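First subunit A sits with subunit B, and in the next complex the same chain sits with subunit C.
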Partner chain A sequence: MNAVILPVVLPMLAAFLMQPLAHISAFTARLLGPLVLAISIAMLVQPWFLPDTGPFTVTFAGFVPPLGIVFYVDRLALIFAVAVPLFTLLSWGWSTDTHGDEEKKAREDALMLLLAASATGLSLSGDLFNVFVFYELMAVSSFGLVVQKGTGPARIATLRYLLISAFGSVLALLGIAILYAQTGTLNLAQLGQLAPAALHGPAGLTAFAFMLIGFGVKAELFPLNTWVPEVYATAPARIAGLLAGLISKLAALVVLRLLVVVYQDTSASQLLLLLGTLTLLVGDFSAWRSRDFPRMIGFSSIAQLGLVFIGFSIPGPWGVLAGLTVALHHLLLKTGMFMLATRWSGSLDRLVGCAKSTPVAAGLYLLFALSLVGIPPLPGFWAKLVTLAGLAEQGSAMHLVALGAVLLGSVIKAHYLFRFALKLYSRSDHPALRHGLMDLGTAALIGIALIAATIYVVPIGERLRAVAQQAADRDTYIATVFPDHANTAAPEGPR
Partner chain B sequence: MIQLDFVTILYVGGIGLLAIGAAGLVICNNFFRILLALVVAEAGVNLLLVLVGYRGNAAAPILGFGPQGAQMVDPIPQVLVLTAIVIGVGVQALAISVLVRTYRSYGTLDVRELKARFEVDLAAEMGIESTPGSEAPAA
Partner chain C sequence: MTSLDILFMVSGATLLTALLFGRLRLAEPLMVMLYAAQLWALIRTNTLFGDPVASSWQITVLVDQSMSWRYNSVSWFFAMLAIGAGLVSALYAAGAWMEKYLESGNSGHAVHLALAASVFSMVLLLGAADFLTLFLGLELVGWSGFLFMAIAGGVAAKAALKYLAYAFSGAMAILGAMALIYANVGSLEYGRVIDALPSMTSGQGWALLLLMGSGFAVKMGLLPFHLWQAQAYAETPAPGSVFLGAVFARMGFYDFIAVFISMVGIAQLAQLEVPNTGISSRELLAWLAAFTIILPTYTALKQQDARYLLTWLGVGQGGYMLLGLMVGDAGGTAGGLLHVFSFAITQAALLMAVFAVMYRTGTSDLNMMGGLARRMPWSFAVVLLGFFSLAGLPPMAGFVSKWLIYRSLASEGMPLLLVASVIGTVGTILAGYRLIYSMFLGRLRIEQEGVREAPPSMLAPMLAVAGVLLMVGFLPSPILNWVAAIQAQLGLPVVDYYPGGFSDPRGDLNMIWIVSVLLAGLGLAALAVFGIRVRSKRVHAPGSLTGGHFPDAETRHGYVDSFYAGLMQLIGPWYCDPFAWLERALVSGVRFVSSSVNRLYRYVQPTVFLLATAVAVVAWAINAGGF
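Up next, the complex of A and B:
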């Protein structure tokens, strides 16, 4: 069972070994990152095939929770934990940006590995202290990755991102401080036990609001998401894809855990619904107005994250299912979209008529756009349908407004995405912009995965429903972390 | 009448520092000042965290340090603050290094001016034709 710790430890170790190794043998250093990530994937895929599918915990050094730090492993955590090394590997910079500069390459690889390690840790942590540390580590490694182009705009964008992100961390830390003052613990399961008595008052909800806004910086949540378009326009496209696709989802996962375990049945979900709706509308309207490809898909990613949060705000397993399907769909799609943006990094008008020179890329864009808008039978349709059905079932005024916003957002999204598709397919004499084989290959791989998901939508839906059922159950979470709560006298030995 | 004991004053100080920092983030128009405001806000939160675990007349949480069986200060917030301070220092150092490089590129740290230069440079990089009278892409 301890195999789930290694995907956090190994990339971190490899990240620190990267620089010395690059001095000894540049070739080995180049291989190290992908190798470690591949091992991580293999280890994290393993628990899926174990016969016993119940969630389990991993304790460290024999300290039992709540005193010790704990990793909580259920299906939801595993999905994201597998996605981290997988998508890091998909976004890996094989050789494209560095032009054979080995030292720079080693630096970037080390940052990517740190990002993967901290993101995996974040998805597994069952303890707010650890969540905070991993979140910060993830933030710092992402700063290094987005500034690496070294142009003036990249520096300004990174500076703003850094300051906003650091302020978000201050807010999150304040929220954690309030939680601790109210309960005296940072273990999520114990917080869940104490929450109905200690945290469902104004102080607890204030803490949630601070943590929501703080962790919402990475999750592109309104109002602290102004860094998003600037960073995505100036960072290397595959890094932007990694941030938009993967990292934002992990921050959303933290919020979901807080909501399910600590703040179930409170008005916290109302706040989430409100901010999610605002995020959605701001994202879609801004995307409609943007005139370059990276910022258009950056704003569209804000809108999608808004939809994820709207989904999570629906109470019960249905809400988790709604948010999860939208999140996974977007994780897949945005990574693919940004792969296309590697070459299509400029103004939309520059890309007129590109379909003629790069028919595959244009076709993939069309496929992604169709799924993003939610045209049946593509997976995006089912994700949106689940969300809309959940909102309609809730039926309160707030939920109906959100439902209207989702539909309005879809219309706007359809307009700006297809407007660009029309440009791609219209006639012009612009020079051809051919994609690199690696980028196009990755995007094609994602396109194939999308089509496969369309075909196998029923079994995938069943699986995700089971995952959501498990993740939405607070009592399971608490019972898993404290298995012998009834007879607390018997201390548990080290595993 | 509120009793102004030592801990209350510290609480007020922590919240005050946080408020000053937050106000600075909103008001200031220079990236370096914004960074300083951030440092102040962080100090405020760290102070609040330490206070959360503070007990009056308690010993340091080290075995054998205070008298046997004496009440101890809660160590967990202190650990959290230590971690937060270290992370904070790292992030600030990184911010300053980016700040210095930005200043070398543009010769200014004024927020509005840099924002304008950002839009112009990016538009040039991306090949967006600026039509007179049209507003900049949404931000």
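Up next, the complex of A and C:
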């Protein structure tokens, strides 16, 4: 079971070896990244086939929590941990952007591996200190990746991203510091034990709010997401896809853990609901106005993240299920959409009539758009239905407003996505824009996965329910980390 | 495997065939045969007079929700119309029409696919046995309709996008209602929802009613959500226009019946008072229907394009169906349901004829035609019969259904609604006459000298449908038989019919008599005209070209621009397009909001929002934490 550490350690090691190796053998260096990621996937998939014995923890060097750092591995963490190397591999830059420049290629590969390592670590971490470290590492590697093209706009966008991220991180750190000052620990499980007494007051909630801002930057939460459209429009599309699809979800995962373990039964979820609703509306309305493809799907991804947060703000397993289904669906789709964006950059009007030269890409776009809008029986519909049912179940005025916002956002989304679809399919004599085989192949793979998910929606739904049930259970979390204290009352923490 | 499974499979096979072989010319006869097979499979289910049949397919989702399909007589009736319209459209498209369509560089594949997908999704929708299945069907119908509307590109694509905005808003309203139902009832199955209805508070009830109601209103093109229809239907390729024009909005009507008539019931609607107004929701719906009749019909009057004129009239006809249903007695509901059938065949016949003229002349602009009666006599005959039926004149199918509605409105004490529906009929007659006159009467244009009758492949379905129109008008009992079965299924009072019409304590309607008298009268008139040899008299051109109005020097006379100049002087100021104005205002609102929020992302100081948020959330935390 300790093998789950390797997907964090191996890519990191490979990242540091990459540059020297590229000097010795460019070919081996090229192979190293995909190989390490493949191994990581294999290792992380393995626990799925073992009998489900419930969540477990991995401690380092014999220091038990709360002293040592700890990885908390439940099904939810595993889903994201598998997704990290998988989607990094799907977004792997085989040769497209570097044009044979081996050094540049090695640099990118190293950054990608670093991103994968830190993101895997983030999804597994059971204490806030590690979360913060991995989060920062992830941020740093993403800066390097998005600025890759080296154009003026890319640099400006990255600088903007860097500034916002840095400010966000400072605030997150401030939040973490408050938690530490209040409780004397950063271990999530211990925080969970101490929270009802120590953290459900103004200080604790302020800490949550600061952390929400900090992690909200990557999670594209409004109004902390002003970096999104520019970065997505100027970075290589597959990197943008990785950020929009995967990295944003990991930040959301951190917020979910905080909410479930530390801030259950507080008004923290209301803040999340409010910001989620705003994010959703702002994202969809902005996308309606945007005039180029990467920005459009960037804004649409903001809206989807809003929906994820709305889902997570619903208390109990149902909320986790809602947020999780939306998040996974979006992870899949946005990666696919950005794969299409590799050739479909620039103004939407440039893409008029593209369906004729790239029918497969246009067909995939239609499929993705239909699912994104939530047309039954595609998976997007079920994700949306679960969220809506959860909101209606809560029934408070704010939840009903959020419900209305989700419906309104869907209408706007359908309009802009299909306005573009009609452009794709209208007649014109624009030059053909053909996708690279790798990009189109990846998008097609995602399309196939989407259709498979449509067919197997029932078993997948069952599995996700079990995952959500497990992840929403705070007591399990605490009992798993502290098996000895399982049945004892929460100790009084230092104040 | 049940007979319903077979119907679904045949329908699915049709779709698959369209998908795989739609590019081939062979697809045309193949599709016709497959639609005929669907019709056979539908008849085989025997759900009109027999017991309801459930599909053996059942999918369990969300742990305890199942999706299942079930056909009863209502489903059968609407499915008959949908498949029938599909068959007629496929027949019409096969042969000459498709040849020309392909010659102009279009794809026949898309047409076959859209038609097959529409029919398939309608067949699925009509069997929905729970809200989840209903929503699935609705969405599938909606999106296949969107495909149909969009394939012509250009203006059609714009109309399709507008349809999308309306239809998807409607769908989201229904989805919202479903979420509320699920939260309150814990299930989306019809039976459990019906059980839970009485225990709902009035607020919950109204929320559901409004959400579901407006969703269905969009789908059936009820005022004020009717603006998506006319252009979307008119701009599709001919088979699409015929199919959509005849049955598309009826799917919304079916949903309305399935939820509001079978689950809630007319009696409950009559008792449910709209808060603070003193009118019941039944009256509200009846008046919405009445305005749906009047406004679109008079909008049709101003159209310069034959297709638009017909599709606008079609929007208005939807109102009659709902109005009849809302009367609630045996005759009214029978009239409303019968009108679903009469209108479908009428509109199909009319649109086919108009597209046949367009096929030959290359235009559907009423101002660019005239005198085609001699060149296309059969098409003229079809339009004439269709016009009679649409306007509700004997001896056509439309007369029977409208007569039933008028009578019930009069006898159930709803004189104002009767007046409203008659105003609508007057408008229909005026608009229909404009259509006939501009296309077929008057002078033949020089460029249309060489026009010939429509090719047989297009003429045959037109004449067949027109024949049905006449036959139902002469002998309405077979269709009344269907309607009676539906009424029994829905728990409504059942119409008492006999071969030539129906009986009623306040006076029967016997179409055999009416038609006989009418024919005798026509015979006498013909005898008089030809026997006495009345000479035709030459009249002054403006007299014949302005529809009876004598223009003054100010009016630009002639039928080209202001056909009903006199009438327009009277009612012209009433045309103020309030709904188009509302629609534009809404779009402006969306544009304003999206520009505003989009601008946030171009703000130069990226961290300002972050810091502002930090301040705001600290304030929130202090407040929420009870400091």
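By our rule, the second predicted complex is superposed on the first by the 483 of 495 C-alpha atoms of A that agree within 3 Å, B and C clash if a C-alpha of one lies under 4 Å from a C-alpha of the other, contacts with A are read in each partner's own complex, and residues count from 1 in each chain.
Just so we're on the same page, contacts are C-beta pairs under 8 Å (C-beta built on N, C-alpha and C of every residue); 3 or more make two chains touch, one makes a residue touch a chain.
What you are looking at is a predicted structure, and each value in this text was computed from that prediction instead of being measured.
In the superposed model, A:Y180 makes contact with subunit B only, not with subunit C. By the touch criterion stated above, A:S286 is placed in contact with subunit B and with subunit C alike. In the superposed model, A:F129 lies in contact with subunit B only, and not with subunit C.
Residue contacts after overlaying the shared chain place A:A233 against subunit B, while subunit C stays out of touching range. Looking at the shared chain after the overlay, A:T151 reaches subunit B, while subunit C stays out of its contact range. By the touch criterion defined above, A:G201 lies against subunit C but remains apart from subunit B after alignment on the C-alpha atoms of chain A. When the two complexes are overlaid on their common chain A, residue A:L403 makes contact with subunit C while staying clear of subunit B. With both structures placed on the common chain, the touch criterion links A:R350 to subunit B but leaves subunit C unconnected. In the superposition on chain A, A:E102 contacts neither subunit B nor subunit C.
The partner of subunit A that touches more of its residues, comparing subunit B with subunit C, is C. Residues common to the contacts of subunit A with subunit B and with subunit C across the two structures: 163, 167, 226, 229-230, 285-286, 289-290.
Of all the residues in subunit A, the ones that touch subunit C in their complex are 160, 163-164, 167-168, 171, 200-206, 208-210, 212-213, 217, 223-224, 226-230, 266-267, 270-271, 281-282, 285-286, 288-290, 370, 373, 375-377, 382, 384-386, 388-389, 391-393, 395, 403-404, 407-408, 410-412, 414-415, 418-419, 422, 425-427, 457-458, 461-462, 465. Subunit B makes touch with subunit A in their complex at residues 18, 21, 25, 31, 34-35, 38, 41-42, 45, 48-49, 52-53, 74, 76-77, 79-80, 83-84, 87-88, 90-92, 94-95, 98-99, 101-102, 105-106, 114-115, 117-118, 121-123, 125-129, 137-139. Every residue of subunit A that touches subunit B in the complex is listed here, in rising order: 129, 132-133, 136, 139-140, 143-144, 147, 151-153, 155-159, 162-163, 166-167, 169-170, 173-174, 176-177, 180-181, 184, 186, 226, 229-230, 233-234, 285-286, 289-292, 295, 299, 345-347, 349-350.
Chain contact summary for the complex, subunit C toward subunit A: residues 59-63, 132, 135-136, 139-140, 143, 146, 150, 153-154, 157, 160-161, 164-165, 168-169, 172-173, 175-176, 178-180, 182-184, 590-591, 593-595, 597-598, 600-601, 603, 606-607, 609-614, 617-618, 620-622, 624-627.
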